[in-house]
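One chain, chain A, links the two complexes that follow: it is found with chain B in the first and with chain C in the second.
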Partner chain A sequence: MNFYKKWFWPLVIPSLLLFTMVILYPFIMGVVNSFLAWRGTYYFDPDTGTRATSMFKSFVGFANYKEAFQDTRFISALVYTVKYTFIAVIFVNVAALALALMVTKITKSSGIYRTIFFLPNMLGGLALGFIWQFIFQIIFTDILFSPEALYLPFLRYMTQDSTKALFALAMLNTWQYAGYMMIIYVAGLNNISADYYEAASIDGASYWYSFRKITIPMLMPSFTIVFFMTLANSFKLLDQNVALTDGEFGTRLLAMQILRTVKDTAPPNYGKAQAQAVIFFILVAGITLTQVAITKRKEVEM
Partner chain B sequence: MKKTPPITSNSMNENYFLKKKIQMAVLYAVLSGIAIYTLAPLWLLLVNSFKSQSEIISSPLGLPSEITFSYLSNAMKEINFFRALFITTAITSTSVLLIVIVSSMAAWIMVRNKSKASTIVFMCFVAAMLIPFQAVMYPLIQFFDDIRLKSATGLVLMYGGFGLSMSVFLYHGFVKSVPRGVEEAATIDGCNIFQMYIHVVMPLLKSITVTVIVLNSMWIWNDYLLPFLVIGNSPTKTLVLELYFARITAGQFGNPWQLIFPSVMVSIIPIIIVYLFLQKYIVKGISDGAIKS
Partner chain C sequence: MKKSLIVVLVLLMAFSASVFAQGAGEADKGYDIYVYNSKGENAAQFAAMCAAYEAETGIRVKNFSIGSGQDHMETLRSEMNSRQMPSIFSIQSLKELPEWKQGGFVLDLNTVTSGDFAKMVAAIPQGLRLSSDGKTSYGIPYNVEGYGFIVDRDMLSELFGPSKVDAVLLDIKAATYEEWETLVKTIDAWITSPKATSVKLNGKSYTLASSKGKLSKNLNGVFAVMGAEKWTYGDHFINVALNAVLTSETEAQQADDAKVKSLKGALLAYAKALDLKTSYLAGLKGRAVRGQDFVSSSNFGYDQAVQIFADSKAVFFKQGNWAFGNIAGVNPAQAERLEFVPVKMPFQSQDIKRTDGTTVAKLNSSIPVFVPNYYAVNAMVPKAEQQKAFDFLYWMNNSDTGKKYIVEEFAFIPYNADPETTTVPNSLGNSIIDYMASGNTLSAPYNGAPASWSGDVVGLRIMESYLTKRNWTASDYEAIANYAIDQWLAMK
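Let's look at the complex of A and B:
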C-alpha cells in the first residue's frame, strides 16, 4: 500500500540513527582501531615515537593481535572462559530442566515455586556476587564445611583458587539463572500435547522411555533458545566475576580481561584491548551461530 | 497431566494411588528444599543487615541480637540511596520508553512495507545481536566523549541502541501475526499515520510491549559496566555504581560486611517490591519472549 511506503523511511530512521551511533559506527571503528596504535584519547605513531598526526600514520598491522596472543593473561582468560562456559552451560541446563519437569508435574502451588525460583534473576549480578562472596568465604569455609562440621575441603576457600572459583562462579550463576531458563522450559513443556503421553502410557511406555522419545525431541526448540542464552551469557559474564573474585588468583574471564587490559598497560594500550575485543566478537559469533545451526537441525516439526 | 489408572482389581487401584501420593510428597519435599536453597542467600542478606561486623562474623545465620536500623540508615547515606534511586529510575524508564517507541515504529512499518530495504534493515538488526558489548565499548565511549554526550543523556541513547535489536526482532515477529484489516479501515476513516500508530497499532501490540519492557528494564536497571564507563565515580551514580564504589572504597582493608549487607539490602528492595507486584506479567513476558524468538 502506498500509505505505508510513504512513511517507511520517516519511521525507520530514528532506529537506524540510534543503531548507527551506538553499534554500527563504534563496531567499524573498533575493527579499524584494532590495527592501530590506539591509546584511547590519541593515536600513537610508532615511527616517530610521538602522537600521530593522522590515524593512518599509526597503522601497526597485526601487531596488536600478535601482542594479545603472546599475553599470558589473555590466553589464560580465554582458556578460563571456555572452561567456565562448559561447566556453566551444563549446570544451568540440568538444573533448569529438572526444575521445569518438577513444577509442571505438581498440581498445587506451582506458581509459588516458580515465583521463588525466578526471583534471583531480578537482582543484579554485582549485588548477588557480594552476597555469594560472603557465603563462600564465611558460611562455606567457617561453618558448613569446616573441620568441625561436614568437612569438605573442596568447598572451602572457593574464591581463592582458580579451579574452585570456576565452580563457585558456576554455582552462583546456576542459582541465579536456573529459574529464568526454567520458565522457558516450562513454556516448551506446556506446548507438548498430553495426547502423546497418554498414547505412550497406553502402549505401556515407562516414564524414562516417554521422556527420551517424546519430551526431549519435542523440547528441541526450547533447547535451542536456552543453549543460545546460556552459552552467550556465560561467555560474556562480567559482573559476577568482578564481584566474586575480581579476577584474583587467575580467575579472569575474557570480558574482564578486555576491560582491565587498559589498566594493566601504561600508557593504556587501547589498540591491544580492541584487538582482544575483536577476537572476542569472532568467538562469540562463531560459537553461538554454530550452536544454533546444530540444534536447529535437530528440531523436529510435528 | 492426569493419568487414568488402569482398570483392575480394587487393591491394585489403591496401590496405584498410594504410589502416586508418595511420588507427589517426594516432589514437594524436593521442590521445597530447592526453594529454601534459593531463598537462603536472601535470608542471610536480611538478617545480617541488622548486625555489627563482629556479630556478622560470629553468628552469620541467626537472627540479630537486637533490631537496630542504624546499619541500614548508615548504608543509605553511604550509597546516597534516594538520589541514586531517582537517577536509576529516570535512566531506566527513559531508556525503555525510547526503546519501545523507536523499535515498535520501525518493526511495524518494516512488516507493513515489504521491500528490499526493509529486509536489509531487519537483517542488520538481527546480525547486531551477535556483537558483544565488549567489541564496541571503547570506540563507543570515545565517540560519545567527542560529541560531548558522555553523560546520563548519552547513557540513555546508548541503552536505546543496545536494546533496539532484540526489541525490533520481538516486535517484528509479533506484528506479522496481527492482521492489517483494522489499519486499512482506519485509513479509510481518514486516520493519519501517528493517530493510527497511537490508537490502532500500539493497543494491538500491548502484550509484546510488556515483554519488551520487562526484558529491557531488567538488564538496564542492574547494568554495571555501561554506567561504570560512562558515568564512573561522579555524583550522578546509579544504584549499582554506588554499591560498587562503596564496596571498593570501604573494602581496602578486608570486607566491611556491616556496610555491604545493608547496602545490598536497600539497593534491591525496590526491585523486590516491583517483582512481588508485577511477577505475573514479568514471568509471562519472559516466557512469551522465549516462544516468539
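Let's look at the complex of A and C:
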C-alpha cells in the first residue's frame, strides 16, 4: 500500500498526460470552437467577411447551435438515431442474453461457441459494413428472399428504405456486438450461485419463474454495463452507417451528419459541425447516465 | 481533489505552450518547396518528376500525394494547419476556392507581373482559368479531362460493317437527338432479333448487320450505366444540360434567380435524355431494367458498369477518360479501340439561353472538356518560397522533362496542349484531343453551382425516387427539373 502512496504521481502522470493530450485538450478546444466561426484551417470574422485576425473576433455566441437546430438534416438524423438506438438496444441485448444462456447451459465445447460468437467483434466497422452490404444486396435480395425463393419483400432491398435500413443496421450491429455483450452476461451468469436455483427448484419453481426471480435480478450489474455500452455504441454508430448506406435513402445517423456537415457547406462550417458534436455529447452523456442511474437502483445484493 | 485539478491545469497549459511555441525559430525546413498533389493515381510518377527537378536545378522538393480514393480536403486541411504548409497545393474546382480565398491561403496568380511564369498565367485560356470573377486566376491546371459516351470501334464495325466505322462515328457525333434516340431503339431491337434494319444518322442511311458477330453476340443492352454512382448522372450528365444556359463555372456561380429559372427547358431535356439512357440498360447477367436493383452498388457500381462495358455487353458507356485504366484492367485490347461520342439531349432552340451563338446542333456534337484540378500557390509561405514555386510550375509545364512526365508518365492531356501536334498514350485521351482540335467542347458549369447541389442533392433525389422506378412520365420530367431549380435557389 505504501508503494502506491509513495509512487502515486510518477505512476499516474504518464496516463494523465496522454489523457490530457488526446482527450481533454481536444474536447475543450472542441467546446470552444463550437462558439466560433471556425472553418477548419482558419477562423472567420463575420464582421469583416474575411479571415479573423484573432480567435476572439470569430466569436458567434450560440449561432452555431441555433443553426444546428434549424438544420432539417440534423433534426432528422437525430430522430433517426433515436429510433435506431431503440431497436438496436433490444436486438443486441436479446441476442446477447440468449447466447449467454446457451453457452452457460451446454457443457461440451462451450469455449468454441464463445469464440465463434465473439469473432465478428474483431472486424472493423467499415469492413463489416461492406460485407453486410453484399449480404443485403446480393444474398438477401437476389438469392434468399427473391420471388423465386422464400419471397419476403421486407428483407429485400433493405439498404434502400429508411425503415428497413434501421433493421438492417440493427442486424449488422447485433452480429457484431452480441458476442461481446454475451461475454459480459456469461461472467454475470457464472457469478450467480447454483444454490439459488437449487433452492428454487426444490420449492417447485418453473424455469421461467426462476429466470424472472433469480437470474434477472442477480444479473442487474451486467445489465447496467451492457445497456450502457449498447446505448452509447448505437448512438455513436458511424463506420457501419457510412459503409452500408452512406446516408442515402434518409439513413443518416447523427455521427455521420456531423462528419458530413463540413462537406455540405462551403467554406466548411466546422463551427456548426462542432456545435452538433457538443449537442451529441450532452445527449449521449445524459441518456447513458440516466440509464445507469436507473439500472443501478435495480441492482440487488444477496 | 483540488491538488489534482491544479496539476491537470498546469499540464494543459504546458502542453498548449509547447504546441504554440513550436517553430518560433525559422530553422531550415529540410526542403525548398513543398508540393501537395491531390491525385493519388500518379503518386509514384509525381515523386519521380520532383526528383528529376531536384537533379536538374538543385532545388529540394518535398512532395506529398494522397492515397488513391482518400479524401483530399481533410488531408490538405491538416497540412495547412501544420507549421510546414505546402507551397503548392491543389484546388479541385471553383467549389473549393471560397475556403482558401477566405482563409487567405491562395495567391492570385495575376498579381505576379514579371517573368516567364506571369506569361504562362496570362496564356491560360479564359475557359480553363480558376476564377470567381473573370479577372483573377488562382491556379495552373493539372490537365484537362473529358467525358461522353465511350464506344468500341470494333463493336461499331460489327454493327455497321468494317468499312463504315469512321463514317458512322462522324455521323453519330453530328446526329440530332431524334436520330440518336432512333439509333438507340433500333440497336435495342436488333439485340433481341438481329436483322438488317436501316437507321438515319446525320441524314445519311446506315444498315445494321443481319447477324451478330464475335463481340455483338454478347450484347444485352445499349447502355452500361452506374446506377449507384450519383455523380455520373448528378454531376456529369446534368452538366451537359447546364451548358445550354451557362458558359462557365464563373457564370454558374454568379447566376441570379432569373438565370437559374431559365434552366427549366434544358433540365427537362436532361430528364428525357436520362430516361432514354436508363431505359435500355445492359446488366451483368442479361438485360436490365430500371428498378431497385439498378441502384444497388453490388450490381451497378463503378466496377460492375466497367465490367459490363468491357465484356461487350453494352454499346455505349458514359464515362470520362479517367476510366481508361479501369477498362484496360479488364479488357486491354478493347481499351485501345475506344472513342467518345457526345451526350445528346432533346434541346429546343428556345432552351439555349447562352448568347455566344451556340446552337442545339453544336451542343449535341460537343463533349465537356474541363480542368479537374489546379495547382495553387500558397500566399502564406515566404516570398522567396513562392518564387521557387512559380519556377517549379513553369518548369513542369514548359520544359521538355516536365512535359514528358505530364504526357507520358501521368498520361494527362496537358491544358496547354496543341491539339494539332499532341498525342497521348491512350485512345480516350486522343479522342478528347480530337474534340479540342475541332472546338467541339463544353465547359463544367456544375462546378459553379452551390456546393453538393448536383451530386448529393439532385443526383441523390434521382437515385432514390426515379432510378428505382420502372416508368417515367412527363410529370416526372417536370418534377426533376423543378426540384433541381428549387434546390439551387434554396442553396444559393
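Annotations for the structure displayed:
One rule holds for everything that comes next: the second predicted complex is superposed on the first by the 291 of 302 C-alpha atoms of A that agree within 3 Å, B and C clash if a C-alpha of one lies under 4 Å from a C-alpha of the other, contacts with A are read in each partner's own complex, and residues count from 1 in each chain.
The definition used in the following text is that a residue touches a chain if its C-beta (ideal position, glycine included) is under 8 Å from a C-beta of that chain, and two chains touch if they have at least 3 such contacts.
Source: prediction; values computed, not measured.
Using the contact criterion defined above for the overlaid structures, shared-chain residue A:248 touches chain C, although it does not reach chain B.
In the superposition on chain A, A:21 contacts both chain B and chain C. Touched residues of chain A, counted separately for chain B and chain C, are more numerous for B. Of the two partner chains, chain B and chain C are each touched by A:137.
By the document's definition of touching, of the two partners only chain C reaches A:265; chain B does not. Once chain A of one complex is fitted onto chain A of the other, the partner contacts of A:67 are absent, as it touches neither chain B nor chain C.
In the superposed model, A:40 makes contact with both chain B and chain C. Chain A uses residues 16, 21, 24-25, 40-41, 133-134, 137-138 to touch chain B in one structure and chain C in the other. Contacts from chain B toward chain A in the complex involve residues 1, 3, 24, 27-28, 30-31, 34-35, 37-39, 41-42, 44-45, 48, 57, 60-61, 98, 102-103, 105-106, 108-110, 112-113, 115, 117-118, 121, 124-125, 128, 130-140, 142-143, 157-158, 160-162, 164-165, 168, 184, 187, 193, 218, 221-225, 240, 243-244, 247, 255, 257, 260-261, 264, 267-268, 271-272, 274-275, 279, 282-283, 286-287, 290-291, 293. On the chain A side of its complex with chain B, the touching residues are 1, 3-5, 7-8, 11-12, 14-16, 18-19, 21-27, 29-30, 33, 40-41, 99, 102-103, 105-107, 113-128, 130-135, 137-139, 143, 175, 179-180, 183-184, 186-187, 191, 194, 197-198, 201, 222, 225, 232, 235-236, 238-239, 242, 254-255, 258-259, 262, 270, 273-274, 277-278, 280-281, 284-285, 288-289. Those residues of chain C lying in contact with chain A across their complex are 7-8, 11-12, 15-16, 73, 77, 80-81, 95-96, 98-99, 102-105, 292-293, 295-299, 450-452, 456, 460, 463-464, 468. Within the complex formed with chain C, the chain A residues making contact are 9, 16-17, 20-21, 24-25, 28, 39-42, 44, 49-51, 133-134, 137-138, 141-142, 156-157, 159-160, 248-249, 263-268.
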